């Protein structure tokens, strides 16, 4: 339809096109499914999200997986960039939404935003049958890191429990988990290089999301790629972490914490020479 | 604890206090509940949210209610302020998070942000036994509108289905719905004044949230008031609508919609006289 | 015009009204003044701002005052909430605008956002001839602080140089500075209570802005009040500080600073007891 | 210094590095220049910005150029993405900063954010002596547009006055304008292809900024490239347009404009078939 939509005639008559929901009838619909149906016991948050983002009704194991990701990534303590900025804004007396957005705007390549990139890379390498060592060394040659691999604190001996929990769910519920298996083989190789080069939460969510999309029997191969390219997986992290960020803002308000000011002695002031006029 | 927390000694040693989650141990905890427990089948998104915001494990009917609110408020079409601004930002080629925040920043008193105010007002009037007509006329005398009442399009004959669906769930699942009943008695009165003065979605969520908090057997009266004053209920709307806003951003990207420019002929340019120098 | 603008007829034909600028003709105009005129040597940034916000061409001493405020408030180091959040976002690899907005969203009642409130309070008390001690004690009785008074570090012996510099300019350039004089008399009183209860930069800008508006011979008394109530003075702080925030984002990018993570040992984790199911 | 700064020792002792300003002494300094000096008549907003972003004191003609850019780009009417989203947020009853950020978050590749890309491309082609036709056709072959060229409405016959005004200033004030001349030769070629392929305001600011940086006698060639790569030129557009966005927010508040809702009949609802379960 997108091409049809944008034919001359249509373009002349309306300035906006929307394909995900409709608020005009007696009740709202998400991808043509009426809300009343979504409120029956067999549906939940994962289904609403899937309809609005993918226009699909997923099998229960897949909707549940989306919800488990929402639960798993909802918060990871007050020290990460997002929670920290939300806390600082809340302590400056700002309203809930300003505090939330101040934190959300830190999500990106180094924090929470490597999910799609990891998904795309693992999927491509797995499909082309690239051996893990070649995959890693190839990226290294281009000066690039392996997205979805590496952690500040977690190691082979002290794995990230969140990765383990999501993997365990998938092992039981998914028809197959080829891309996760590939990601784990990459981890097996990177762990021979350094013990903190574990599969991280972004990489795990990315790999499993591809496995879910490919085995849910609803997405054509082109549709899977489209979902990844649109950046939808980072969207899941964003929605999920919003829960934690709102939680942190409420927490600071509840405790009436005062204005945060970063301590002077934690800053290196390296002012330049006074410039010539 | 907040008073304890903020005793002199503690304040000296750390600059930040966090009471909602802990990322230091083997696995993250939300309000001391380990994540692995939250991933078992009896828990879901509503429980994670409730732990991070309220530090409570709610009964299943209450967690399910939170999830139904997340589903119900997830989207309401492309025309409302939030979706519109997200669409405009996405069409300007902006990334997912910028587009989301551009939309989120429109949520406020006139759009999606009347939930807490409605909850507080209905609860207070219900508890003090104020007759509905007095409640409405009292606000009118102060020049204030009834928060949670009124709709652009919906009327007595053409009710908001979302209100009906949430009410029906509560009637079946909640121990009691006194505050909703009160809100409906207010609606009965306002409908005698104008047929569009129906209980709207903000009012319905607000009233039912109070009923949930008061009958879930977990919150002291003071805790209920604290939740309302902190603005947590607007937070639910915000998290829920994030799902729809991300959906709209993905939708515009998928269709490769061009830069939006508001049509000149829809603007009244009312420039002043050239000011004197 | 606003009333005229919103008469029935007009409302029917356009959805948007704009009174500050016009982009339709051969060249853009700001409040009906063509841009080409604003680019002649007698005009500058202060004039553009004044036309777009107030629809006035101010006398040179007043435009220069606006520019001096823009210079004075442009930055105040990396430790304040706004700069800090911008720095954290930039170090998370976010683009310039996301980093800027993450910082801007911290500006509010406790940081940079007390200018209008201080202006309104000082103006009102000065006009009603309230003695400074009564003014301060009156606020105290209502449990309110004096907006524009107080500083974490500055004291009677170690004044805020920015306040001194702006005051000195006004003493030379303004026709009169009654409201600033009043603010200083308030400071004289509060300094008898504690030595850090100095007139701060928000209070100084607020008081002087009122003096400027009232003596520039362009604003009716009602227009002065409108400017204050609209929150325009906080707008000046916001535009000014944007310069510093962008500077901090560029600074972090230039130095390729890594992801910031707040140190664990600076956080008090005060998790609650595990809640009962 | 950046390398020095990031040597092991320094990194251990402080978590934050700042090189642009210092708030610790008796008065704040911007790049080691005390504020009191910046408030003397020979300095202005352009100088503060230049110190905080580039750590340079520019010659007066260059500071004035920065200020003229701030004036020129401050607003371009209510129809562009940024102003539109700010207007919608203000009409939803949101505070000044939320409204501003909702608009700022639309600035990007298609609106106001092509300045650096244009500057980099024009500079590179001019230095390598690429003939304009080759430059344009080379980009075309890669499927890329010429950044800084093209306009929805402006044409050869109806030029963008803002481009003309900035060019005229530079012709008089700059030591030389080689990059602008190159950009105009590119325009001469693109105009043979279509009459709306004029040099636009982003392209003009980009080209002239390079000319300014290269002839101001303060920047080494490597420093010029660093300024461009950091995205500083887009920063100028952002700061400048903030003035207009705040103006639009104040304008809507002043007129007490109601909640904006995009008209249903301007939307094509293209909902998909109901997805199979």
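Which chain is which? They are A, B, C and D, in the order written, and residues in each are numbered from 1.
As a working rule, a contact is a pair of C-beta atoms (placed from the backbone, for glycine too) under 8 Å apart; a residue touches a chain by one contact, two chains touch by 3 or more.
In this text the structure is predicted, and so the values were computed from the model without any measurement.
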Under the touch definition above, the chains in contact with both chain A and chain D are B, C
Greatest separation from chain B - chain, by CA centre
D
I'd like to verify one number: the distance from the centre of chain C to the centre of chain D, where each centre is the average of its C-alpha atoms, in whole angstrom.
23
Taking the mean of the CA coordinates per chain, how far is chain B from chain C in Å?
31
Taking each chain's mean CA coordinate, chain A and chain C are separated, in whole Å, by 37
Residue numbers in chain C touching 2 or more other chains?
5, 15-22, 24, 78-80, 95, 97-98, 101, 105, 107-108, 260, 262-264, 267
Within their complex, chain A touches chain D through residues 1, 5, 10, 13-22, 24, 29, 31-33, 51, 55-57, 95, 97-98, 101, 218, 262, 264-277
Show me the residue ranges of chain A that touch chain C in the complex, using the header's touch definition.
78-81, 84-85, 88-89, 91-94, 98-99, 101-103, 105-111, 152, 258-264, 267
List of chain D residues in touch with chain C within their complex:
2, 5-6, 15-24, 26-28, 30, 35-36, 38-39, 43-45, 47-49, 52-53, 67-68, 70-72, 74-80, 87, 95-98, 100-101, 104-105, 107-108, 113, 158, 161-162, 165, 169, 226, 230-232, 234-235, 238-239, 242-244, 246-251, 253-257, 260, 263
